[in-house]
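Note that the chains take the letters A, B and C in the order they are written out, and that residue 1 is the start of every chain.
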């Protein structure tokens, strides 16, 4: 202890002497040994080879016990015809617990929704993943929401539901902090929240949570939203510090960073700061946000050269890479603009398969599917109602998936992609036919 | 000595300018509105100067700028058409250099001058009607200026009021707006002009009207729409692209096409305009009508929407088409005529009356590769033999006969002789050079006549004889002998005419898939009917573009069509332009004519780079603007 | 120095004190050179000398960040013998390879900098020979990215720097699709029908290649072959 104090004192002296030196070398008495985990119980030791989706889990229904009203379904405090922020309507035929809404189908039948606050509903989602061979999900944790008491309660409940279901169905699971709306001051909160989660759910206990995703010998934590140039109230340096805290001196966890699409060029959607590349090199995996960056007709020219260039960069810098794929995009109700219904059309899965094949052929080894259940922005792959078979919505509408597709079609198609990434043969440029 | 000469010329120019340009006598930055503008003559004078500065692409416009009819007007006889697939120069192969098609300093000078007026309008003691007209006219001028800038540079600094220098240069620097914002501004200014201008001017002055403003909007909106639709044909990258200073999103195409359709429709449905002589009985009549339309656009008040006038021979008031482009035989003493040589590419495009709806390339033999074989005369090839030097063109669109002087046709009372050589009875060819040859008592000359004043083709002497097989006719007045001196020609130029509006309309409908397709097809076919076509063709983009190429040939539209549709780099990728050699075949009696398709003699291939779709912004060291990609 | 002396007063008048430092700039005394190499095969990646891939470089220490460019020779090598010793940010751009990141490079004296790139297309097992009255090129293609191959071509020119931008005769075939790596592609230039540009008795260079459908991409080639006609 005395020795430590002395060293500290010395280092302060050296600091004050050097003055402007920005990176004083901390002189550790002895190097801290990196933590080693027993991974013998873990089912998923690497993201490589996996196809996983993002899981929002932020919807709630009135009467579900979460006490959050029609969270993320509603608009302007109301969830009734003319007031909805979702474009796709979940197909709740198979759910054991559903909630009546103010919406009705053309035949007068009341339209119903589900809530992920209910264990049964999350269980059903994981059951679908297993049925179709989708490897698992990243549970989104919205910093701006879990800072509040009701948000934290909600997302912890959803996480508990999901951890349980992931074990039951053998699906991989990991946690992804979404930093949208955060500030520099929230970094400490995130570190603390993350510690709490580890304790609360014994996330790192391989026996307790054999399905918690691991990467590079450590449990994986995803942090989404670093390097975007959309005026965020935290900096790349904040994320660097957060990563240091999360890893700690013993390198407790591996990190996946969600970065903007043009992260490599440091332009367009990306902050022009070389520090971003420094931070990326300190992470284990990156996942660039591709939603809205291209559509079916621009995909080849945008992603064609970009993906292999990204992958080469990552190989050179010895980090892993997971491209994002998404089935389409629609946010007419969220933005109150009818021209934004089906803004990026799904085209019966052709668009999604184009990206799966493009990623595979460019040398990607893992996929991130945005998203499992996102109906606000219409990227959901889970079962939703079909076009022409959605509830009425005053003078607006709900977009449905193509009427000639079965409602589990996008789950199936992602499952086909997962087969391909697992090494199955017979897949190529052409979207597989469903027999 | 030469130095002295130059100084003298410069002095003369300066003196001439100070005489002509009354305004420069007063300090413009301290202009007192009431002094100049209280008097209607003052307004007129100021307006005349603004109109004079408008970047109108007329007879005095070429690669190096506008109003090339003052000072030293010698531009070598170049025309913008020679940077396209419409024509080549008789001698030189200049294509498009970095300093070409610039208009920056002059642009911002005009914008400053019009902003002076705009700032002062509210303070003028004039009637509300007069004020409205001024607001409309100045908006039209500003729209015209920014259109000229946007089509060259993409997004540019939008300066909308007079900048005052108060000791800080930095405060005067305005960054570039995005290309989208710049086009939106152009269209908005057109709207202001439309909303404030009247149908016409009381004295019939050639000033902007509501209809001229609509016409400008039709042209500008179509330009922007095509840029948006076809941007991905020629992708470029760089800071200017990242900041959207150049480039439009594909999604913007729809709104721009709609603006082009709406503006064109306003003109069409106004009932104020019509095509000049819309239904000729015969192709011959159509050819004559079409020639009259350009020989003097004042012949056709129902068709011309906006005219740039040339008042009298002289510096700044006349132009030089009349001396540069006469065929050699009618040079009238000018040492270097015949400089505009329409290409075989253009000749090929014209339809033939018996095959409506497609180009009718000039077939010289039955060989399968006839149209792509440019290797020159081949003694073993079975060429089609024709009785006269222009039989090969028979049956093709009347406008071809009115746009070009074809070999063996009559011009100013002479038969214009264009011949590249002859084939001797033994089958040996004598092409472009060689001695006269006597056969059966007749002496044959390579170029068709004994004396170099009696033919107009292929001889390299003086660079005065066409090297493509045809000479130029459009805009030239057959009834006038232009004196052999500078700026002696006073043909007026129709900047906007109804036919262009009809074709803008048809293109916007065909390209956007919106609008009334029946009316679009009618617009296209109305223009064709005026050219003597009786069979209607469907509204397709290929049909519209072919029609633009022939109807608007040499009106400086082709250059911008290739730019806006991002077709320049495919049209000019190591591309040779081609010529048609009329050759007298003495292997048969009586002698007949054969034709050989060849690369333009003594020419080199041309290539258009992606980056040339935007011009380099001059002076970025001082103005601090983001340069366009790859400059 | 002697020769400059008389002008110094004039320079002083013009530039004031700046005149001294103008005179003190050293001449560009360093050289930068290297080759574009296929990261997988380590073979040079063929280029076009005009309208080809470009190296952009920015010299450090100037706020203007002016981009300068270097061209690359057909064999994939480049060389700049007149460059100031300094640190540069160098980026190969608009190329026939997967886009690369910028790199900071210190140039001093003879500085070698190779670029390891992933060519969009590898042209393999290429042969070009005269068969009767035709020049026949045969080759296989391997595409390394998902984009379509736009077209393939065989080009002829009197100079060894032959390529798509520099040719007097050509044979092209539109592909606009994915290529079959096992297929042998064949392109032919007919000599008689190009007799005005490919003259008997002269020798010409022929090069075959293909271009990927990506923004600002350039052709990938096999090596040029000389053929006497």
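As a convention for this text, a residue touches a chain if its C-beta (ideal position, glycine included) is under 8 Å from a C-beta of that chain, and two chains touch if they have at least 3 such contacts.
Treat the numbers as computed from the prediction; the structure is a model and nothing was measured.
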* To do: Between A-C and A-B, name the chain pair that shares the greater number of C-beta pairs in contact.
  => A-C
* Farthest chain (mean CA position) relative to subunit C -> A
* Asked: Distance from the CA centroid of subunit B to that of subunit C, rounded to the nearest Å?
  -> 36
* Structure fact -> For the pair subunit A and subunit C, the C-alpha centroid-to-centroid distance in angstrom is 42
* Please report how many Å separate the Cα centroid of subunit A from that of subunit B, as a whole number. => 56
* Junction residues of subunit B, two or more chains touched -> 232, 235
* **Where subunit C touches two or more other chains, by residue** => 215
* For subunit A, residues contacting two or more additional chains -> 301
* To do: Spell out the part of subunit C that touches subunit B in their complex, as residue ranges.
  => 51, 64, 93-94, 164-167, 193-196, 215-216
* Structure fact -> Counting only contacts in the complex, subunit A reaches subunit C at residues 264, 300-301, 303-309, 312-313, 357-358, 361-362, 429
* **In the complex with subunit B, residue positions of subunit A that touch it** => 267-268, 298, 301
* Structure fact -> Counting only contacts in the complex, subunit B reaches subunit A at residues 232, 235, 242
* Can you name the residues of subunit C that touch subunit A in the complex? -> 39, 98-101, 118, 120, 144-148, 178, 212-215, 217
